[in-house]
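Structure incoming, see below.
Naming follows writing order (A, B, C and D), and every chain is counted from residue 1.
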Amino acid sequence: MVEPSGTGRVEEVVMCRWLAYSGEPLRPAELILDTQHSLVAQSLNSPLGAETVNGDGFGFGWYPTDPSPDAVPGIFHSIEPAWHNENLRDLTNTITSPMFLAHVRAAAGPPIQQTNCHPFRHENWLFMHNGFLEGFHLMQRDLRYAVDPSLYPSIVGTTDSETLFYLALTFGLQDDPIAALGRALRFVEETGEKHGVSAPVQGTYAVADGKTLWAFRYSTSHHSRTLFHSAAIPELREMFPDVERLEVFGEHAKVVVSEPLNDTPGAFITVPESTVAVLDESGYHHEPFLADAEAVLTPA
Amino acid sequence: MVEPSGTGRVEEVVMCRWLAYSGEPLRPAELILDTQHSLVAQSLNSPLGAETVNGDGFGFGWYPTDPSPDAVPGIFHSIEPAWHNENLRDLTNTITSPMFLAHVRAAAGPPIQQTNCHPFRHENWLFMHNGFLEGFHLMQRDLRYAVDPSLYPSIVGTTDSETLFYLALTFGLQDDPIAALGRALRFVEETGEKHGVSAPVQGTYAVADGKTLWAFRYSTSHHSRTLFHSAAIPELREMFPDVERLEVFGEHAKVVVSEPLNDTPGAFITVPESTVAVLDESGYHHEPFLADAEAVLTPA
Amino acid sequence: MVEPSGTGRVEEVVMCRWLAYSGEPLRPAELILDTQHSLVAQSLNSPLGAETVNGDGFGFGWYPTDPSPDAVPGIFHSIEPAWHNENLRDLTNTITSPMFLAHVRAAAGPPIQQTNCHPFRHENWLFMHNGFLEGFHLMQRDLRYAVDPSLYPSIVGTTDSETLFYLALTFGLQDDPIAALGRALRFVEETGEKHGVSAPVQGTYAVADGKTLWAFRYSTSHHSRTLFHSAAIPELREMFPDVERLEVFGEHAKVVVSEPLNDTPGAFITVPESTVAVLDESGYHHEPFLADAEAVLTPA
Amino acid sequence: MVEPSGTGRVEEVVMCRWLAYSGEPLRPAELILDTQHSLVAQSLNSPLGAETVNGDGFGFGWYPTDPSPDAVPGIFHSIEPAWHNENLRDLTNTITSPMFLAHVRAAAGPPIQQTNCHPFRHENWLFMHNGFLEGFHLMQRDLRYAVDPSLYPSIVGTTDSETLFYLALTFGLQDDPIAALGRALRFVEETGEKHGVSAPVQGTYAVADGKTLWAFRYSTSHHSRTLFHSAAIPELREMFPDVERLEVFGEHAKVVVSEPLNDTPGAFITVPESTVAVLDESGYHHEPFLADAEAVLTPA
């Protein structure tokens, strides 16, 4: 619950909402603005969310439909609430994209600034997080000092999520995203232990490189926030039987969401705890992620 | 209910929250940030409000404690949500003021811009509104053309509230606030009738000149949003018996609010429908406002 | 010269810079960010400009490369200076567009808000202005009241330029852009005369519908700000002989600018005073515009 | 010179302008908005400045005239250019303050965010910087890791200046500002040497605690940007002989500026290189600061 304290500050650690799409080029507004529980609608009122309002900025990252060979994805960040942003509306209605990520933020505290908005980008990689690192205040100095010195100056915000992204990059995200994010989360858990934080990791995570989308669900306490994705397109069409604009969805369209975009029973598949869903042109599959308690890594 | 439509636009007419203080010089943060249901807390979650979130900008206007003879009140407007605004926090913690007005906005629609934030100012006068002019889209051209041509260029926003303020100024607000706002609202009702709008006026209104505070409650349908004010200081102290900082309130402190600032039963007095509360150093009194049913021009 | 007065207010009427492109789909950053005197470079330092800094917001409007049948152009407006806007950089680097317009603003005065940023949009039409309506303060009430009542509620900003656009729409811009803008400017001149303003019109104007681009240069005093456009692509290639990225320009690429984008002599063709340049796929031609003193129209 | 590169990024390290006041309570607008070369005028055009435009945000910090015992100074930060900020105008016209600091920023690069705006605050201390740490990109990880771990989480921006402030706090700024800033600058020079940076320190620095104002001028190369302050009030009155509002200045009024506020010869006293000016109620004096050439660690 977002509960301003007596000083008016938001003291509680709170969370966000995110959405990622992979498939045939699509106007992002179809998912971000135009569904029953679109991400922008969720920014005002989130049925499953830990807090009602996700109004502390937003971000949208997209891979272009016809990229130049060395193209990086575009990012649009804003500290305004998503629900009244005219630029976001125009942008997501005018472009098409075969892979995009969007995020609405409910900040655990100031500062509200564009450098704290998801998704975060490094070269052609994007990263988003819904959740938090418990005790980040205590751990951040250690965590950031573990980031590769060549990457360190690229950390420009104050969030736990951005530091986690740079730890994962340090541990090889661009070579093996699943192993690297796993090592990064284990490193956070070890660092937390040193500082007396018992359950430092909580969340769902999206990683994308323009071809593949990885959607992770993991928490130290094995009780993570919700994560869903749509299945192959027949199910998706079944989901939205009466919506004419569904014709724009292609055969490979898949969407990953922190909350379902509509109330149709069975329309969205739950990603289980301690699991990563891997989605690309060929379809999707689930893999265990940090699920073996014995297999805890101890990165240097 | 704030309900983004299929296009993501907020279509419904929605409302705001406001607060006004008159009395001994006070740090405004005492009322804006630091009470149980402070205005900033209400911006995230409004118990009595028509909508949950008042996140579409805010405004704060204050008369300085030691004004220069020709001093106009200061205004701080922002399109950001009030709940995370560090500048508002610092400003209201650092200054003192014998009369201030604050407003959090839930916009009926774009544009979200500082010129649409309350309070509005003309010379030493401030004005705020919680409510709306139904059918303003149809009436605005007629209403604005009725504004005194010398005042017309000062209208810089797009809200119904600002136009209403300039109508009231045209009708003599600076000479007789009660009569002038009454004439302005009647003019809106007449204009609505021409355009087939049956109940054009809805709301509560605050007017201040630095010495006196007028708080109005009136709607064409005689079913206005809530309005309350605190009584003399003994009641106020009774309201907050356990709050040490109440010591900062002086004998003449009075606060007018669209929602009570705490849950203490009886702490706040309701301003009845079709009534204006007049508050100044000498105390307060209520007067009927547009209350004569015979004189009503056009409500359905 | 932008000269803050003793009160710190910018009192002088000042001007802006703009750029428009028509041709094969292009990454807009090629012209907006990447040339010697790109629009963003001009926002900090404008060699031919009336003022050094164009830092009071900017706008970018673009027609998508693969529009849906009923597509309107996208718009990105911001009140920040263009030179440090990361979102503008990402957007113009990631998309392509066969026709786009960009504008950096040096405001004659507050308010600085997105609704005062060019280009302005109505359905599939875009409009930009570099210049001003002298005495707009005196004329604005008359000018706005002459706007078609059905269009009136769409005026959401405070600029002379937006009001001029809605006058031109009222006079038939969508049917005959040249005649309609001519009538609108004549109407401004007549209105100015009534208010004792001797030379009310000053500027260059861009109008676009997604297929054709009209670039006007006209002032009451026949001494308008500069306007240029590039010729057919052979000249354009001659202009940038050493720039490898010129390979991205297609055979039909044309750019209209308030200032040349480089110092190459002869690279840009001057649009003469009282002239409109019409640019589309087939090439370009110039026509006289309000050039016949006898032919002054008197719209109702 | 602010020179956007081919990518549109501002590559050159650039500088800022600042102003600090100590004396009888004063409306800050008198110095920030209302003089011939006021700080806001300098934000658009800076006669002595290294760059023309200081439009990348601003900050204003003030100690209240009647502070509560534990009062911290207020801060107003904005990423907008100072020259059109209505909130700054209202704030500095409405309050009075016996000590205030103001800063306009010309950023060496993104991000432009409030957490990168000066002055920086820790408890009752304020800090501003005009200049830069050369090679900060290389040094920042080492510099930040040298900050006291209990202070580390308070670093929320990305600037060299903020890191320098926290180093000075680590080295005892609150006990001995002159010694502590000296140690911090020496530490930066040592760190620069390790990274092959020959002249890492450049700038002028303001430190305030609400009672005393310290204004430093020091660079590794002994060639710092300009710094001036006004003398006792008789000189100040002599400076502005025709300005009626000078009557508001009290006997103890002193202002420190990176550029003189008017063109009157002799009105402002230069603070010499490697010197700190100490200003309080009793007057002012100069002390050498890092002036011992033998002790210089690393300049070229």
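Note that in this section a residue touches a chain if its C-beta (ideal position, glycine included) is under 8 Å from a C-beta of that chain, and two chains touch if they have at least 3 such contacts.
Small disclaimer: the values here were computed from a predicted structure and weren't measured.
Enquirer: Angle of the rotation mapping subunit B onto its copy subunit D, from a C-alpha fit, rounded to a multiple of 5 degrees, please.
Expert: Rounded to the nearest 5 degrees, it is 180.
Enquirer: How would the subunit B/subunit C interface be labelled, same or different, where same requires over half of its residue numbers to be shared?
Expert: Counting shared over all numbers used gives more than one half: same.
Enquirer: Weigh A-B against A-C on C-beta contact pairs and write down the one with more.
Expert: A-B
Enquirer: Just how far, in Å, is the C-alpha centre of subunit C from the one of subunit A?
Expert: Averaging C-alpha atoms per chain gives centres 39 Å apart.
Enquirer: Send over the residues of subunit D in touch with two or more other chains.
Expert: Where subunit D meets two or more other chains at a single residue, that happens at 86, 111, 114.
Enquirer: For this assembly, give the contact graph shape among line, ring, star, complete and other.
Expert: complete
Enquirer: Can you tell me which positions in subunit D touch subunit C when the two form their complex?
Expert: It is residues 2, 4, 6-8, 10, 29, 32-34, 38, 40-41, 44-45, 52-53, 55-56, 79-81, 83-84, 86, 89, 107, 110-112 of subunit D that touch subunit C.
Enquirer: Which residues of subunit A touch subunit D once you look at their complex with the stated criterion?
Expert: Going by the criterion above, the answer is residues 111, 113-115, 137, 140-141, 145, 149, 152-153, 156, 158.
Enquirer: Over in the complex, which subunit B residues touch subunit D? Could you list them?
Expert: 27, 62, 64, 66, 68, 71, 73-78, 86-87, 90-91, 93-96, 114
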